[in-house]
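The letters A, B and C name the chains in turn, as written, and every chain counts its residues from 1.
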Amino acid sequence: QAACISPTPGITEFVGTAMGDTIGLVIANVDPILHEKMKLDPRFRSIGILGGRTGAGPHIMAADEAVKATNTEIVAIELARDTKGGAGHGCLILFGAEEVSDARRAIEVALKELNRTFGDVYANDAGHIELQYTARASYAINKAFGAPLGKAFGIVVGAPAAIGVLMADTAVKTANVEVVTYASPAGGTSFTNEVIITITGDSGAVRQAVIAAREVGRKLLETMAGPAPSLTTPYI
Amino acid sequence: QAACISPTPGITEFVGTAMGDTIGLVIANVDPILHEKMKLDPRFRSIGILGGRTGAGPHIMAADEAVKATNTEIVAIELARDTKGGAGHGCLILFGAEEVSDARRAIEVALKELNRTFGDVYANDAGHIELQYTARASYAINKAFGAPLGKAFGIVVGAPAAIGVLMADTAVKTANVEVVTYASPAGGTSFTNEVIITITGDSGAVRQAVIAAREVGRKLLETMAGPAPSLTTPYI
Amino acid sequence: QAACISPTPGITEFVGTAMGDTIGLVIANVDPILHEKMKLDPRFRSIGILGGRTGAGPHIMAADEAVKATNTEIVAIELARDTKGGAGHGCLILFGAEEVSDARRAIEVALKELNRTFGDVYANDAGHIELQYTARASYAINKAFGAPLGKAFGIVVGAPAAIGVLMADTAVKTANVEVVTYASPAGGTSFTNEVIITITGDSGAVRQAVIAAREVGRKLLETMAGPAPSLTTPYI
């Protein structure tokens, strides 16, 4: 289940795979016709491509580390309704770069981060909860949610959505945080069965809010369908 | 599979669970910041939360009985694209109340009704059909579909959507009913693979139309993939 | 798995079933109220109904052959987010006809074509790729994608969407083709986890582009999750 930065399967654009049915690719020179159809910024001839069937939060957090570490920009974050029959999103994230080596490096970093960023995803047959936290949000988080750069940031997700409402309420009551976004099945999601809030503020407060939401969300999910273990190892 | 109004799992907001991976919760005082982000009516400090992975019709009908029986209002009905890989919706329904005891009572009533309102859902590997009927529509049905209050009301659903088209045609040809809404994958659904009509009119006519649609829909579904039993016990 | 144009199960509107949990139906005289709610063209009293849980491309290509062969028109192509937990679409396609015999014939042709048009769909646990090709696009393809009538036409689909990006880039670099549409999770799909391009041009070029995309897409999909066989028999 760990990221696999493997020898390419005879395809120079292949970078690696990771959990969540994730694949990482690069294109050194995007075809000009396609470049235009994809509405890519003309500055970038190279792109890095990160996409998975399960997970949007884990990939956005991983991409955030990748943009911090490389000379790339996030040019698109698109969320499919997926998770292979689950309640959440899949994703397609594109990095723009002037050099393909930068795009490749970004994808490598992101693939390696995913094992960590899936750590506070907990799932069972009834649904899932997801928590994310960073002390310093960068450009991927800013692009995805409009969250302020350089500040602590957290994501609180509950599915089915009913659980997410209570997790959100718990988070904002626990500590003095600011709500950046509120998303629900009819608005802000791709019709997933989730309620998602994103929060910012003092790093201690954000972390405390996220942890409190995790406790209540996990208890509710486990009341519905038994043990809901972490998909990897909790990091928050 | 019956509604389980159980002792809370250490969380005062927990009310119970029911089939369709449904959970019922209450919040006595929604956090003011979240209250605003959720765009809740300022009159309601308490909310009841009903959400499930599978089912929207069953939950809306159950919520309709709950608002009839309690001092609450329906403040939101949101439909996810879900059913855990099936062809239909999941849902998030919010009740507003001035007192948390009213919100809790509404959720209790709704959870208990679900066993009945899943009674005319029939499913097999190819899809599902769903029928609903009430002699007197109340505020949840009015909120969800704009159907007239106090009149007989029916829902006819077929999935895959092709089946729903023939069920809809059968329903309106069978008896003198008025079509309230017509929804299909590209409009009025959350991209589900369903055609859904809602009807109103004389109670005998609505019931007759719904039953005729059920007969044809079930035959078609069973032609595709064998027996399509009721999920609980038919009530119409 | 072949199309089954069977004796009706006691329902005169039933035509047959085919793979992809597909059903074909006709209605000789659509009820006038429903006709209006469905916003059907008043010219057509009869409709043919083709719908499936899995597949939109295969059905659109099959419908294209059906309109070529019969006196019918395509009046609606609606794409659900479906594939039973997979990454793609399901569909509902409506044919309009003045005579029910024409509608029935169109559905029969389409059901028979599906076995072929699923031939370049390759799938495994990680996702799917799909290729379609015709030397001469007709009205279904024109309705669905706006592609020019009478010209060669191809569809290139990759899921997860990341794979589709590289397939698209490969296709347009391989031969001198024109891109008709580009669709991705956030635009042009029903939130599927796919990137889809459609192409037109010289028939040799379109075919060559589609084949090149197939090679790279299949390798990537198989790198993710092992063998990804054709669902039936490749035709391109």
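In this section, a contact is a pair of C-beta atoms (placed from the backbone, for glycine too) under 8 Å apart; a residue touches a chain by one contact, two chains touch by 3 or more.
Because the structure is a prediction, the values reported are computed rather than measured.
Peer 1: Quick one: superpose chain B on chain C by CA and send over the rotation angle as a multiple of 5°.
Peer 2: Result for this pair is 120 degrees.
Peer 1: Call it same or different for chain A and chain B: same when shared residue numbers make up over half of all numbers used at their interface.
Peer 2: Result for this pair: different.
Peer 1: Please compute the C-alpha centroid of chain A, do the same for chain B, then give the distance between them in whole Å.
Peer 2: Taking the average C-alpha coordinate of chain A and of chain B, the gap between them is 32 Å.
Peer 1: Could you tell me which residues belong to chain C and also touch two or more other chains?
Peer 2: Within chain C, residues 81, 84-85, 191 contact more than one other chain.
Peer 1: Would you tell me which residues of chain A are touching chain C in their complex?
Peer 2: 9-11, 13-14, 17, 21-25, 27, 30-31, 33-34, 37-38, 47, 49-53, 76, 78-82, 84-85, 90-92, 94, 190-191
Peer 1: Show which residues of chain A lie in contact with chain B when the two form their complex.
Peer 2: Counting only chain A, the residues touching chain B are 81, 84-87, 125-127, 160-163, 165-166, 168-169, 172-173, 178-179, 182, 184-187, 189, 191-195, 197, 216, 219-220, 222-225.
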